[in-house]
Amino acid sequence: MILRLSGLAGLLLLVEALPRLGLVADLPPTSRILTALADEAGTTAFWAAVGDTLTAWALGLVIAVAAGVTGGLVIGAVPALRAWTASTVEFLRPIPSVALIPLAVLLYGTSLGSTLLLVVYAAFWQVLVQVLYGVADVDPVADETARSFRFSPWARLRHVLWPTALPYVFTGIRLAAAVALVLAVTAELVIGAPGLGSVIAVAQSSGALPTMYALIVVTGLLGVAINIGARYAERRFLSWHQSVRAEMAL
Amino acid sequence: MRRALRLLALPALLFTVWYAASLGSENFYAPPLRTILAAFADTWTPERLRADVLPSLGRLTAGYALAAVLGVALGVAVGANRRLRAAAEPVLEFFRAVPPPVLVPVIMLFAGIGDGMKIIVIVSGCVWPVLLNTVEGVRAVDGVLSDTSRAYGVTGVARLRHLLLPAASPQIVAGLRQALSIAIILMVISEMVAASNGLGFTIVQFQRSFAIPEMWSGIILLGLLGFVLSELFRLAERFLLAWYHGLRDASRS
Amino acid sequence: MLEVQDLRKVYRSDRREVEALRDLTFTVDAGELVCLVGPSGCGKTTLLRCIAGLLDPTGGAVRVDGREVAGPPPGMAVVFQEYGRSLFPWMTVRDNVELPLKQKKIPKARRATLVADSLAAVGLDGTQTAYPWQLSGGMQQRVAIARAVAYEPSILLMDEPFAAVDAQTRADLEDLVRELWQRLGVTILFVTHDIDEAVYLGQRVIMLSASPTVVQDQLTVDLPAARDQLHTRADPRFTAQRTRVYEQIQAAKGRTAAQPPAPLGS
Amino acid sequence: MLEVQDLRKVYRSDRREVEALRDLTFTVDAGELVCLVGPSGCGKTTLLRCIAGLLDPTGGAVRVDGREVAGPPPGMAVVFQEYGRSLFPWMTVRDNVELPLKQKKIPKARRATLVADSLAAVGLDGTQTAYPWQLSGGMQQRVAIARAVAYEPSILLMDEPFAAVDAQTRADLEDLVRELWQRLGVTILFVTHDIDEAVYLGQRVIMLSASPTVVQDQLTVDLPAARDQLHTRADPRFTAQRTRVYEQIQAAKGRTAAQPPAPLGS
Amino acid sequence: DAGKDSGGADKVKVGVIPIVDVAPIYLGQQKGFFSARRIELTMESGQGGAAIVPGVVSGQFQFGFSNLTSLLIAQTRNVPIKVVANGVASTGQAGKDFGGVAVRKGSPITKPADLAGKKIAVNTLKNIGDTTVRESVRKAGGDPAGITFVEIPFANMPAALEAGQVDAAWVVEPSLSAVTAAGGRVVAWNYVDAAPALTVAAYFASTKLIADDADLVERFTAAMNESLTYADAHPDEVRAVLGSYTKIDPKVRAALTLPKWPTTINRSSVETLAKLGAQDGIFAGATPDLTKILP
């Protein structure tokens, strides 16, 4: 635990020291950021914004993960499907969500839908690609075992491919969780959908730098919290996996 | 031949559907594909490709390469060392959650507004999939293999080279593949600020100046770029992971 | 009935081309217990995988009950040589054994009995909730055997299934296989390196040559159906049969058939 | 000199707690060849991993040349029971064998000789450029043996190294191990399930009890140093010794020591 | 959509950028100018035209706020929108405008002509900033051709200037105050140089809404005009309302230069903007048709 905090503490010290030593202009020192943060935390608008962002984030992530995992398992389990869809996937993946902003606004204005569209579009690919690689990682002997016992396609998916892909899926979810947060904030920032992002936009255009950084810190902290959750889930569901069991032994 | 068919069949189908469905589109922001394709031909002249796409590709390559090296190096260190991971992970997770658009101004403070800044923005976004996958790949190295290495004194650099990197390579490659499209996305984002040329810059300019067919043609170009790069990547992967694909396919042929 | 006809398998890769099986023809009757011996690397595993429908042969065909196998035939169980990798590390021992039974749609209560009985039969009481990687090599191998036994297959393919267990356990497992065979009338194809084991277990022993692999010889084991470790192995006919197998294998290795290793000579 | 003193190992996890080793004490002299037998799951692999410095014991200590092992001692080679998983799948057979030699900073020319010789010794000529997963189980195991042999270790730990090979190859490999031992004066600890093998190979046989594991008995093998497959195994002393080991193991299993299985009874 | 609530008021969404310029609409809302005309107002803050114009075109917003150069570009592209009310105008007074080209403390640049060949930050390229800055230089006798413009958000300009990443920056309030507070100087008043009392931005609606619900548009325009007039007359209340939707530091808020909020659009200044834009090639060869975009 102390170890965990030491890294963050180091970062805080660095950010305090850099501006005070005059090494970077315009970066407020930690203390001022934290004061601004405390000010923000006192307002209900701030908490409403955090709530909005988290709602968009969670909804978007759930949709993206569900779609990515289902799609990945299905495409990954059927080699032909994978071969036929590969080019389309690769074509669609690099299209930036930000380029879709007009489309999102066109369809949903500043409502939650806009944010969701962008979040889901960006996070979906992260999960999909991880699942595809995860499914491909299946141990041939394990897969043959399943085949020799004539597992139904569903059982093969459920009991062989899915557990094999699970570690990859976890990485995918962790990647997607951050991307979803990033996109939620970005969408709010650019489109103005309610949430932390639009508060950041206001702070930015008002030249209120400490407040802006305070809000960025909040998104960062949300990321840290999300990761703690993901790690916990990993210990729970991957206890059988080499990566976890190697660390739990001792 | 069959491969080409597999590659092109679905995209061709989707484009046909799009073409047909959009023929009569009145919507200003969703023009007919016909218009978009016409704009594509007009817009992406060789001249333009050289002026805007080349610089972008340069930044993309630099940023991607840097992210790959950084992600793998950091990932191996963090993955192989529990204490380091405990200390570093919160900091990394913190930065991972900060959106690149708000990060750009901060990066500008340190890196100025030149290509360096844009490359750093690309790195700042696409290092994560590489890093996370490397960490997980290294953590998951088979226990017996790891014991074998220790027993035979394969330690230090040799352990890295002969055990950790190859063992994690399937997952590292998954991360690199993820990073590829993210690099393209971040190339666009980085060129939205303090840029005067580049593919992202051009697309954003089109968007702001309401040149919607041109904007869509830019998006299509991004997709094509992603597709071409991923094909290159696939070739590289087949070479690098020949052992892995052989091992996985051994039972199927 | 299991027919292998003109079976040929060539592994091709960029660097190497290996003719694992050149030309194999033999049949196993329904309900027969046949042992397969042959030098290391001669293609026994390859053959088993072709029979199991897991590998496409380069030439020839495998027929089960007259139908050519394209995929794994129903009612078949396989004990893989790579027992460790054939157990699912994400499942407990119990779940590993039970899963194929679920696939077979066996009712829950019956499943529980089968799992418990088969694990007890291989001497693994009390490991039901352990994960395979928490077990020793021999224990893992026995889980794989228990899984096949619980499945009550009509065809059972076993690839060196007792390689990792000690002599006493091995004897017990041999008796278990024979008991299962007699009780259920299973067709069994059993790969082993232990010549004594092949003769003790089988009704027939098929000997494969070294690569390029063909059927070197077949031997019908001339021993009574009721066998036990103590008396059967002491039977002079047993000794005679094993000597013959040994000589054939020596011949297969292309050497002058010397005396088999002790304790035969005693 | 290898000393194992009051060694205890308990595996702990949320669900189970397994006392793999209760209390082991024995020594192996420098240059001695000791075989270790014991029922499946009794903790032989665990013991070997503790000696190799790959596993921290729960209690007691292992000393090599008087120094307590914390990590793998230099000059040690291990042949793992899970031979398949101990080969690097991304390296060819040659590279797998050569890598430890590189670590030992052996010059290139000498490495090439060692690799070629050891692969030839285990009967794997012509597989140098293959990947391990293109080989049969027995061939993989022999690659692992070749790797250990080429390493010319001063301590050699082998965990059921011949489990996957056929009888003839096994006999050849046994002689290879004895030859290596006599030529280099290696200290060898050899785990096997085959009692004949233990008696044939070892100067001494250590028998472990079933769990909770202690040293059940030790037996100095009263056979001449020069051994060969044909005569040694035919020696009445050999038969007597193996009977004793067998009886001890039966006792370890907690059964009434019955007759060992045939062909002893003959 | 412009749904009606129980009281018969129209629900109206306006896409705005949360900056000083749009203070009147917030003030007008507070004062009840809109509700008096049966308009229930919601402000949606976007970061610029890219987010607001599609919203208006698609009917997600009824009205939007944008600078005139963007609107002229939109017109050349036949985006179906039209101005319905004035937005904000320059004060027209050099030295007392709400935006200008600033340099850092101690910079050798002292007059507009010195900007020739320099690197200047603007918030968006090919827009009102660079065209008017070029005009300043041109008028001062400098050659604008060699100027390099780089795009940097207003908020980051003070830092970019400080760090020497750019030679000059076109900044508007409140960042302008930050630059001057750090010792920076304004060397050119580009709005003032471009045209007297330049109209900088306006409120617009989609042509569809104008055709379908002329009554609503009329009421909005009326309310907007009342708000503009009120804001122009009550700077203190403007400074106060800024605190409700921005995070500008109270001290800065008290001191910053406010723009002008006339109700009429200065047509000739718009023509100037169109001419400047055409000169700098931001309309891709087309000529904006003012009659189609202005009311």
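For this structure, a couple of remarks:
In this document, chain identifiers A, B, C, D and E correspond to the written order of the chains, with residue numbering beginning at 1 in each.
Everything that follows uses one rule, which is that a residue touches a chain if its C-beta (ideal position, glycine included) is under 8 Å from a C-beta of that chain, and two chains touch if they have at least 3 such contacts.
In this text the structure is predicted, and so the values were computed from the model without any measurement.
Minimum number of contact steps separating subunit A from subunit E: 1.
Looking at which of B-E and A-B shares more C-beta pairs in contact, the answer is the pair A-B.
Averaged C-alpha coordinates put the centre of subunit A at 49 Å from the centre of subunit D.
Measuring from the averaged C-alpha position of subunit C to that of subunit D gives a distance of 25 Å.
Averaged Cα coordinates give subunit A a centre that lies 16 Å from the centre of subunit B. Among all residues of subunit A, those that touch two or more other chains are 25-26, 101-103, 106, 141, 144, 189-190, 204, 212, 241.
Shared contact sites, meaning residues of subunit B that touch two or more other chains, fall at 27, 29, 105, 109, 142, 192, 207, 212, 246-247, 250-251.
Shown for subunit C are the residues in touch with two or more other chains, namely 13, 49, 54, 82, 85. Residues 139, 141-142, 144-145, 147-152, 155, 159-160, 163, 166, 240-241, 245 of subunit A are the ones that touch subunit C when the two sit in their complex. Partner subunit B is touched in their complex by these residues of subunit D: 49, 52-54, 71-72, 74, 76-78, 80, 82, 85-86, 88-91, 99-100, 102-104, 131, 133-134, 147, 151. Residues of subunit B that touch subunit A in their complex: 6-11, 14, 27, 29-30, 82-83, 86-91, 93-103, 105-106, 109-110, 128-129, 132-133, 136, 139-143, 170-171, 173-174, 177-178, 180-181, 184-185, 188-189, 192, 200, 203, 207, 212, 215, 218-219, 222-227, 229-231, 247-248, 250-252.
Per the touch definition, subunit C reaches subunit D in the complex via residues 11, 13, 15-16, 18, 37-41, 43-46, 81-82, 84-85, 129-130, 134-139, 142, 160, 163-171, 193-196, 229-234, 238-239, 246, 249-250, 253, 258-259, 261-266.
Those residues of subunit B whose C-beta lies close enough to touch subunit E in the complex are 27-29, 105, 108-109, 112-113, 192-196, 204-205, 207-212.
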